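What follows are several structures.
Here chain A shows up in two complexes: once beside chain B, once beside chain C.
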Partner chain A sequence: MSRIAKIALGVLVLLLIAFPLLVNPYTVQVGITTITYSMLGLAFAFSMRVGLPRLDIGAWWGVGGYTTALLMKTGMSFWLTALIGGIIAVILGFLLFSIALPRGMMAFFIFCMVLSMAFYQMFGSVPLFGGWGGILDVPAPTIGSFTFINKPELYYMGLFFLALTLVVYYLLYNSKIGRAWAAISSSLKLARSVGIGVVRYRMANVLIGNFFIALAGSFFVAYYRAAIPTIFSFQAGAIVMVYLIIGGFMHFLTGPILGALIATFIPEFVSRFKGYIEYQSIAIAVIVILILMFLPLGILGWVDQRVKPWLYRRKWYWRISRWGVKEEREIPA
Partner chain B sequence: MSVGLFFQLLANGLMSGGMYALVASGLTLTLGVLKIFNFAQGQFFMLGAFVTFAVAEALGLPYPVAILAALISMAILGVVMYFGIIQQVMTNFFSSMMATIFFAMIISQGSLLTFASQERAIPPVFPGTLNLGEVSLNWGKLLVIGCAIVVMVALYYFMRTKIGTAMLAAAESSDVASLQGINAKQIFWVTMAVGCGLSGIAGAIIAPAMGAYLMMGTNVFMRALLVLMVGGMGSMSGALIAGFLVGIVESFAFQFVGYLNLIVILVLVGALMFFRPGGLLGKPLPVPGE
Partner chain C sequence: MALLELKSISKNFGKLQAVSNLDLGVTKGEIHSLIGPNGAGKTTVFNVITGFYPATDGKVIFNGEDITKLQPHQIAQRGIARSFQQSFFFMWSTVLENVLIGFHMNCRAGALKEFLHTDCARKTDREARKQALEIIELMGLSRQKYELPGNLPHGHQRALGVSIALACNPTLLLLDEPVTGMNPTETKEMVERIRKIRDKGITIILVEHTMKVVMDISDRITVLNYGHKIVEGLPDEIKQNKEVIEAYLGREEEEDAA
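This part shows the complex of A and B:
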């Protein structure tokens, strides 16, 4: 890593930490939403790594959220409920996916869709989950005698979860299992021919994804202090795909985060115009279709294809990017 | 359970099952030929019902004209969708899927803002009921079932014509079909027209029995997906049989467990997938992207 990249990363981390001190509380709230959606988008990208577009994010998000809401009502600590929610999502996921996953991508895809809608119905109509009104007045999470009740504290908690997710995903992508996933995503037949058990690797992927989606659900309920079925609907899980499309397909860690930033902050600022809110989803849909048609690899893919070659032809770029790099590298043509 | 209730539920199941079968066969046709998953199919269904309302109620034309209008307008909309969007994104299965999802979103939100904000009722074509001892059935429901069967037979004969055979050939392999002198580009938009037209006509058929409302598209589309899974993807006859099967199971499950019937269907479909992965009739499908 060059010195300039280290500096940029440091500045970014400092900015993220100082964010609640610099802006008004409302923007902090938008930031918390962005963090949650980034976690969901990361999980979606995570399953795209094995060639499975999953539409059941709303369901597992709800499993985490409802576990936290129900158990915190009985007085359990938040951190324990988040863990239990994740474990429940993994076990339930294993039971359900062991039917659908061996049947290939298409069957898995449809199964997930129906699963998400069925879970939504279940959250709404089973009395244990509080009906369509949901579970309200969930207590605030605590650590020792400290209570996470203000927006900045919750923001830091979310940042911690996001960082945890990022670190785990990064380590997994760069491990042996991650290389097997990359092989599966590039060609299923090739992966099979070199002896990769596709179903087993895919199962590992979706179950790890389940755990972190449920974690995001627990965090969201701790922030929102309520679990309502409409939050965890199928549409809420499906909208997560937008982030990956905007950010870029081939960037599994940075793409969803960039996409979530753009897709959460821009609507928030545009929504101040009058009469806009009805047309918001139409505007988003039109933009997404245009991106799919003319920018099929997303913004980061466009940077890779167009901006980077332009930069590589500039001398000053090489001077900056090689600042602080010890060994002499050959400049690629 | 009394005999009357049994036949009521059976008629309800056959009615909605016919709709599922029509939408699912359109879906499986597009999936087979274009190798894309058209998520806007449900919205076409909803638009078909509204077109029927507009033609039959607002313009006052007879009901068969309304059915024809729904079929033709949805077919044209499907062709427009093909040339406007799908042609550009067809190469990548995932992007084509996303594009149709968001096109469906544009349609549903756009119609919510313009004409679909309230439920529209269309008066029944044949009022009254059929009474056979204990059993009493609504003529409207029987008409829906009859129309659905007529459309299915028409579809069967359409697939036997030259263009239908060309479609099936393109579904096998579009490259080899081109080698035989079939214009694959032309087959693509014709397939979109047929698939979307099927959804439109299904909406037109159901409109007098259930009215026209915004959520009907999403509801039918989700069941059509289940039908696809039960019947086996890429199998037209499987989709038709499975459509009626899912409709009947849903109708009876609704009687006993209420709105949790979706979970009953999910469990049944899961069990079916476990024991018969290729669906009831289908062979294991050639899945795009795998």
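This part shows the complex of A and C:
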């Protein structure tokens, strides 16, 4: 990576870390929701890597959230509840997906939709989950004697979970498993004919995704201090696919984060001017329509296709990017 | 000993009988061609052997093992690889990466070992790369190894399809119309390559329409018509067989009449 790119990246990371200190507390809250939604968006992109658009994210988000809510009320440590929530999501996912996965992408798609709605109903109707009012007054997470109560503290906790998700996804994408996944999404028949057990690899993928979706659920409940069914609705889980469209649908790690940023902050901004909450949905719809019309490959796709080649043709770009890079030629004595 | 045996294989799609009662034996080390007019069921036979279609009836026995009910990836792991009539490739990866995928996937039961990037995995990475480059060299794609398959001309895409199949280190290679759409020079080169593949010890079943190639390269030929085997034997015998000639010419007469 060129020196200038390293500096830019460093500045970005610094901004991310300094964010709570630079803005008012309400905006930090928006930042926390953005982090949660980007984790969900990353999970959607994760399943797209094996050619499966999953609409069940709301369900597993709820599994993690309610596990944390219920278990923390009995006094368990937040971190343990998060782990347990993830494990439950994986086991339950395995049992349920064993029915749908062998039947193909379409069956899986519809199954996920139904699953999400069924879980939503379950969270609302079954008394264990507190009914439609949900579970309130969930205690705040702690490490030792430190309690995560203030928004900036929760923001950093969120960054931790986001970073964890990104690292694991990145390692997996670049492993042999990741290459098998890429093969599956690229050409199903060919992947089968070179010995890739498609169902097996897909199952591994969605189960890993389940774990991290549940983790996002646990984190969100820790921040919100309550678990209410309407948070984990089908629509809330399904909307995250929009992030991939906005950010760039071939960019599985950066796309959803960029998309989440845009789809969360712009509607917020709009609602401040217009003052109607309904305008938020309209804002997202307008953004998506504009992207599909003008930048069909998403913002990062557009950058790859148009901006980068344009940039590479500018002399000043090369001068800047070479700045500070030592010449690697040895001058013989 | 027969490497591959088809015993009374039948495949129908509802009322359409694509293959009826086919008996086929392929011996190790031979090039066995499957020919017949369009619609005779040749690609269906390939799909049944490789598990993409479940056989309606009959058995497929490979190396003494009954593989009839196995899934495509399991059959691939046992050493049967194929190329497709319509060249399939992984369009977002380079030619080299396309071939590498075959290496990494075949016969690897333990996915966890691979994820952990162990030292053993890294060494086999180097081995795989070396062998992949050898295959690319053999199939004449050396100059295109960093190209995207979508940018390649048709003939090279076909060669890529064969390369991907070879990367699985197969004992048996099924080639579905490898020279279709190639000019005479490309065809001659491909025939030479097929011979070299056979010389490496890989048994080959070939489906082709170009009679010259079939007669030139085959050790034995099986002729299908409407899903039935009409005759099997040496190229010279087949050339002169009355039924075969009728099957091909008979079709032409029907087309003339229509």
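Everything below uses one rule, namely that the second predicted complex is superposed on the first by the 310 of 333 C-alpha atoms of A that agree within 3 Å, B and C clash if a C-alpha of one lies under 4 Å from a C-alpha of the other, contacts with A are read in each partner's own complex, and residues count from 1 in each chain.
The working rule: a residue touches a chain if its C-beta (ideal position, glycine included) is under 8 Å from a C-beta of that chain, and two chains touch if they have at least 3 such contacts.
In this text the structure is predicted, and so the values were computed from the model without any measurement.
A count of residues in chain A touched by chain B and by chain C gives the higher number to B. In the overlay built on the shared chain, the residue A:R192 is in contact with chain C alone; chain B does not reach it. Of the two partner chains, chain B is the only one touched by A:S125; chain C is not. When the two structures are aligned on the shared chain, A:A204 is found in touch with chain C, with no touch to chain B. Judged by the touch definition given at the top, the superposed model places A:R103 against chain B, while chain C stays out of reach. Look at A:R179: by the touch rule set out above, it reaches chain C but stays clear of chain B.
Of the two partner chains placed by the overlay, neither chain B nor chain C lies in contact with A:G10.
For chain C in complex with chain A, the touching residues are 50, 52, 71-74, 76-77, 81-82, 84, 88-93, 101-102, 104-108, 111, 114-115, 117, 121, 164-165, 167-168.
Interface residues of chain A facing chain B in the complex, by the touch rule stated above, are 48, 51, 53, 96, 99-100, 102-107, 110-111, 113-115, 117-118, 121-122, 124-126, 188, 238, 241, 245, 249, 278-279, 281-282, 284-286, 288-289, 292-293, 296. Against chain A, the residues of chain B that register as touching in their complex are 85, 88-89, 92, 94-95, 97-99, 101-103, 105-106, 109-110, 113, 222, 225-226, 228-229, 233, 258-260, 262-263, 265-266, 269-270, 273-274, 277, 285, 287-290. By the touch rule above, chain A contacts chain C in their complex via residues 171-172, 175-177, 179-180, 182-183, 186-187, 189-198, 201, 204.
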